[in-house]
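Across the two complexes that follow, chain A remains constant while its partner is chain B and subsequently chain C.
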Partner chain A sequence: MNVIEVNKLTKYYGKSRGIVDVSFGVEEGEIFGFIGPNGAGKSTTIRLLLSLIHPTSGDARVFGKDIAKEGPTIREQIGYLPSEVFYYDDMKVIDLLKYSASFYPCDCEERTRELASLMELELNRRIRDLSYGNRKKVGIVQGLLHSPKLVLLDEPTAGLDPLMQRKFFDLIRDENKKGVTVFFSSHILSEVQRLCNRVGIIREGRMVEVSDIRTLQQNNTKKIRVNTRYGQPAFDLPGVTNVVTENGTTQLFFRGDINLILRYLTTLNVDDVSIEEPTLEEIFMHYYE
Partner chain B sequence: MNIFWHEIKANRKSLLVWSAVMVLLVLTAVAKFSAFHNNPESLAILDSIPKSVLDGMNMRAFNLVKLDGFFGVVFSYFSLMGAMAAAMWGSESIAREERDKTVEFSLVLPITRSKLVTAKLLAALVNCVLFVLITWGASALSARAYQPDAGFYKFLGQEMAAMFLIELVFLAMGVLLGCVLKKYKLAGSMAISIILTAYVLFVVSRMHEKLDVLRFVTPFRYFDAADFYKTGRFEPVYLALSAGIIVVCLAAAYLVYARRDMMI
Partner chain C sequence: MSTNIYRYEVRVRWKSVLIWTFALASLLFIFMALFPSFSAEAAAMNEMVANFPPALKSAFGISNLDLSSVLGYFSFCMVFCQLCFAIQASNYGFGLVSVEENEMTADFLLTKPVSRSNVLRSKILAALTSLLATDVLFWLMSYASIVLFREGKPYELKILLLLLGSVVVFQLFFFFVALAISQLVRRVRSVTPYSLGLAFGAYVLNAFAGIFGDVKLEYLTPFKHFDTAAIVLDGHYNLPLVLLEVGVIILALGFTWLRYARRDIPTSV
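For the complex of A and B:
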């Protein structure tokens, strides 16, 4: 069953574009990466799922329930970590967490303590006095303390030091092993690559691709680097893109029948050649151009 | 329930400030009254002021040398303060969630937006009740020096009822502004401008007979001390109008807030 089912979701803010005709599904138990540059519509999509804003057209279902009709019931099972967390400044961390817990039908106290000690969170400080990173930690604990079945992360690692980032990723992986579905929005590909099974790529408000992270990487596209002794090879072949020559090294991407390019290479006087999988980063840039 | 208590705490400081100002106002007013008390000559200065101005300020409707008359004039300040405080509590409690960007927390909780508005409305209502009680207490205590009769206390009680009703009207209006305005920074200043306009209309409506039609436009006229001092009661038509304003404002507030996009 799909935990999130988005169908032609469109959001305009007045005349300016939020997202257009976005459709995708997130399966139960997977970690779904949602990648795109700033302003592509990642936060808009998440805020639509949370009913903080309402769609211009299209619809979405979470746990099989319509977001427009059953928001509160849906949100009972959702944990949300925004890119920047804002809480009532004059509250103590522990009071804020207790306040948050009081809305969920669970005894969340033990889980709260567990998470707080894991994230090394000081419970008796006031939110006002916390640094950006520490606020983020409060956000992580608050987002997970009610053991949600779906976790929505919007650029979650901003503000966390590398050590905390690792702890956070371990935590998310552990939650995922328990069966929690994770929707992970980010513009940092390496973290998506590390964590996710599938990714959706959003660009200028439109979903340009949804696929398995491996197929995305394989995708039959190869990155080829060739050193030639004399002159510059033309690589005038179908399927060749992004040819860059620098200091006698030519780099290019090739997509298609690999024999074609191999035959062409043998006609050159080659010093050195490497054929490898492109990184996600490179594939990603490809989508942006 | 938890939101309600959270709101009560969040409103506490504001209630303290408004109450302190109110108590100070009552104390200075009563101190000024000592100059008028049973001293008709002191009113001579009023002769130099145009009658329409005096009417606008309700000064001719009351006998200023008597305590109840004096409190009749002071009531303008009670109603104005009550209106402003109530409208601020109503609009602020809603608008501050967007201003401080905490909607991304509070509206992600598994509650409906209506529930959030209700809790905030009730908490602001508690502030309104306490504000009236504090005004009442301060007035009754400071008036004791003049050994007022039972009639004064009855009139004071009526003034407090009127103040509370005015609070209700402007609380509903404040909640509406907080819920509807996308530019949350405007909510507070807009509430104050509406109140001041209503108050100016109230003053103007008393200045000349021809302007008396304005009495339906400004809620301050619905509960005018000069009227209920004379008749001893509130006019049913004004009570109905107030109830209408409150119902319409709140219904619109709930409807719009439930459907609108949060600006973060």
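For the complex of A and C:
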């Protein structure tokens, strides 16, 4: 059964576009990555699923229930971590977590302590006095303390140091092993690659592709920059696109078996070469031309 | 109703309730403490007031006021208390749901398993509790100040109760109208300018209505609907105006109810 089933969901803010005709499904127990540049409509989609905003047209079901009709019941099983975390500043961390827990039928105290010690969160400090990263940790604990069956993460790693990021990913993986479905939105491709089984790519409000992460990796595009001393290499190979030469530096995108291009490069008299991951923007520009 | 939201909301406001009550009580006591000297010089006082320009008198609502009687004087003080009540109630109304959107905590509250109407209901009840707490304290203070400073002069209990009771509907008007306005704007960035605008706007409207006489602006403002001087003079409320006010309250509540359920919560950007 699909935990999330989105059907031609469209949202306009007045005249400006949020998302247009977005359809996809998230299966139970998977980690679904949702990637796209800023302003593509990632947050809009998540906020629609949470009924923070209401769709212009189309519909969506979570746990098989209509979001427009059964929002409160659905939200009982959802944990949400927004990209920017704001809480009642005057509260102590522990009071906020207790307030949060009071909305759910469970006895969440033990889980709260467990998560707080895992994320190294000090419970007796005032929210006002917390740094950005620490607020984020409050958000993480707050989003998971009621043991939700579906976790919605909206660019969750911003503001976390690398060590905390790793802990956070481990935590999400553990939750996932317990059967929790994770919907993970991000604009950082590597993050999504590390964690997700399937990804949806959204661009300018439209879902351009939903695919298995492996398929995406096989189609993986590399950005290659070559400095040559003499002449201009032709790069007449299948999979090579967007060749631009400037001041002896040739830049191109290559998609296919990496050995092919490596073999070709060895035939050249190369000064310098770099092979790197294209940025997400470049993938979008390149991938969907 | 969600008791946890209700409890949280009441707790958030209790400091503000205490401060407002303290302000109201100080205002009332300072004014009423002057009553003995006023009433001692009653004849001279009334004569002086009679010599004020009529425009000034009507602006302050003292055209037909007997400052030498206990309730005449008290009703004069109450206009200023009304102004405080108007600001407080507007504050609560404007801030009730907009404060969550302003400080981005709406994302926290509205992603919990509660419906919008439940959130609104709990918040409204909590704010009304705070307003009522202010009222009760204000009533006690009023009674105490009258007992303390009336100098043995008589007053009619029924009219005092009418004056004190009027405060409730008066508050509801400002609270619900402010709440409805907060639903019309995309974001209330700061509550104070809005609430001062609404409260003083309504006050000034009444003052001008007094000056221009013929222009019927006064039907718009609760300061006229519950004109304290008129209540003392007539011995009853102006029923059509009070009903008009109740009508506006119900409309504002209904509007908010429908609007908030469909409202898009703006993001931080």
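Note that in this section the second predicted complex is superposed on the first by the 222 of 289 C-alpha atoms of A that agree within 3 Å, B and C clash if a C-alpha of one lies under 4 Å from a C-alpha of the other, contacts with A are read in each partner's own complex, and residues count from 1 in each chain.
The criterion applied here is as follows: a residue touches a chain if its C-beta (ideal position, glycine included) is under 8 Å from a C-beta of that chain, and two chains touch if they have at least 3 such contacts.
Here the structure is a predicted model, which means the values were calculated and not measured.
Superposition model on chain A: chain B and chain C are shown in a clashing arrangement. By the touch criterion defined above, A:174 reaches neither chain B nor chain C. Residues 13, 47, 50-54, 71-73, 75-76, 78, 80, 82, 84, 86-89, 99-100, 102-104, 142 of chain A contact both chain B in one complex and chain C in the other. Within the complex formed with chain C, the chain A residues making contact are 13, 43, 47, 50-54, 71-76, 78, 80, 82, 84, 86-89, 99-100, 102-104, 142. The part of chain A that touches chain B in the complex is made up of residues 13, 47, 50-54, 71-73, 75-76, 78, 80, 82, 84-89, 99-100, 102-104, 142.
Across the complex, chain A is touched by residues 2, 4, 8, 103-108, 110-115, 118, 262, 264-265, 267-268 of chain C.
Touching chain A in their complex are the following residues of chain B: 2, 6, 10, 100-105, 107-112, 259-262, 264.
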